[in-house]
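Report on one structure; see the data block that follows.
Residue numbering begins at 1 within each chain, and the chains themselves are lettered A, B, C and D in the order written.
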């Protein structure tokens, strides 16, 4: 019950974040195709952030499925994650409207690092609650993607100051590793058992 | 459980999309009826998009009701659909604020095609999961409306460049075929058994 | 199940409508109390619309509680109601920002009439589904408030053109009759049995 | 059932409030770090309001968990609370955009007092429903935090007119007492039993 309401609240916040970003797109000034050109970087950063928030929702979904009960510490760890996610539309708009200028692109990376750290804290709060032999704890064991992601984000921040487009490429790469390999695992495991298995295995990694 | 949270998230996103569009209406400049005149095309395109999003919600609702479980592929197919739906407020505002100019009206058609294609991908992902003899697969069999809709949208895109109001008429027509005939079927089947039957039959068609 | 998702979607839309209105308040220009003075009519109309949307949510809540299943017709009647409710923030902003000018105040009344009519259609769709001896149908029998409300709104529209503040007073009066008398009934029926009884009796009236 | 829908609606409203505030941050004018400087007070007040709304959601969550049924009076008490919470983004923006000027900072305190009072009314409505020996009523008995909070807010209002930063410090202090001590209790009670126990004990205090 408690868990259900925390899930519902998180779903609500992420659903709002993922849709209010589209308000930043604004209405193009003019009625020809060239009016869309200045929107291109905003649209590109929107697609990235939509994917990132979708990945968080997806992982959050799997993670909570493996949890049984929540306590005050988990509630606050979750709210802390939602706080950093709530800054993604801000980072997206600043980066997109300035055509991937160095500082805004680095700022986007900072928000991504903080969100990844907050996700890690949530995972640890859940493991503390569920115990060292729980589904979450064992699944976390080989969490390669969850360890690589924040490292790549931290690398991307100084890169953004010199080569913002390369930093953006790193952000895209991190997003890609979060769904491309899962597909491959699912296919290998077969259509019936595979899907859930992959979902379970995928559960508690941090982006 | 999993399915329930995917439904809740989709409901949240569609509910937000359907209501943030009204923000685009803006407050009329002036206090007489003539102040509403420049708003007329915005309001007209709002009504169309409200109907389109309502149709998607309605169909999504019926479609998921026939599904039993969801997997990673379905979650991503669903998020992909939500992405294209999230561009509808943008397309609505560009089309409405420019009084159905050719390019914006064609752009609206592009978004509608992409959303219809994304819906088709979601249906196929669900059939792959449920199996060829499932309720969804058999109901999809005679999916006339679902096949006509994207064809009409694709036709409307070049039409929009020459005769945008005709293209708009096609968009309205596609929306109309999604609820007018259902009413007729329901009435024919009678008030008791009819409603659910029609809902079931109506379920997995793509708009 | 079906009913649950329709309720969730309606809750989402009404929750968004009730909160995006506050965005219209805007940030006052200045930092002294006099900066709040131009906001006063916006705030007053916000309070009215918050109350109106809250009343609709409350009645919708009770109404659906008495329903057992929903069909396509009910889904569309519900979406039709949500459409008119979605115009309330627009009407609120136009009326409030123009300090209750005649046409905007009349336009607010038009939206209120349409929402009340849409609510009546939803009630009739539910009665058609539930049957003439259902809880909803019998409770509707003596629906005095539901009949008076649209009449008062229709009266208020021409009044608004001459005496907009009187029309506003009528809107406030309609809102008041929707919760003041219920309190009285609840108190008379006693604290234990009374509350549910009153809620049940209050259920299917249209605002 | 009834209770579930009231929870869902409250979650929706609070989720929206907590995320639309981030829209007030706006996109910085410029692409260097100095462009973030004028945003600092807005960001600081955003963090405070995010924490305040999170605390309300958290307490609301625990409070409703201890409740069994809701009636009309509770529904309206809840809507009344949501009304005052809906003014928090407004107060946050006015205070933040004016760098904690006296009147806006005092206005923020007024909204906080009203929300705390509304929460108290909701608690009393729930106790009236649940009875004097219910979990809620007994837990409320030693409600030290719930009594101190509104007193501190009322004190902060005149302080804000002379020393707005001190008033802001009081707002931060009130937020801190709502989660710092709970952690301590949880730790003392141990990891297993402690969490739920603390959550239960923490439940019905008003912020």
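Here, a residue touches a chain if its C-beta (ideal position, glycine included) is under 8 Å from a C-beta of that chain, and two chains touch if they have at least 3 such contacts.
Everything quoted here is computed from the prediction, not taken from an experiment.
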- [ ] Since subunit B and subunit C are copies that touch, just let me know if over half of their interface numbering is common to both, same, or not, different.
- [x] different
Task: When subunit A is superposed on subunit D by its C-alpha atoms, the rotation angle in degrees, nearest 5 - done: 90
Open item on the list: Based only on mean CA positions, could you tell me how far subunit B sits from subunit C in angstrom?
Closed with: 27
Task: Centroid distance [mean C-alpha coordinates] between subunit D and subunit B, Å - done: 38
TODO: Mind pulling the residue numbers of subunit C that touch at least two other chains?
DONE: 8, 12, 16, 20, 23
Task: Partner subunit D, residues of subunit A touching it in the complex - done: 1-2, 5-6, 8-9, 12-13, 16-17, 20, 23-24, 69, 71-73, 75-76, 79, 82-83, 86-87, 89-90, 93-94, 97-98, 101-104, 107, 128-129
- [ ] Sort out for me which residues of subunit D touch subunit A in the complex.
- [x] 7-8, 11-12, 14-16, 18-20, 22-23, 25, 27-28, 31-33, 35-36, 47, 50, 54, 57-58, 61, 65, 179, 182-183, 186, 191, 195-196, 198-199, 202
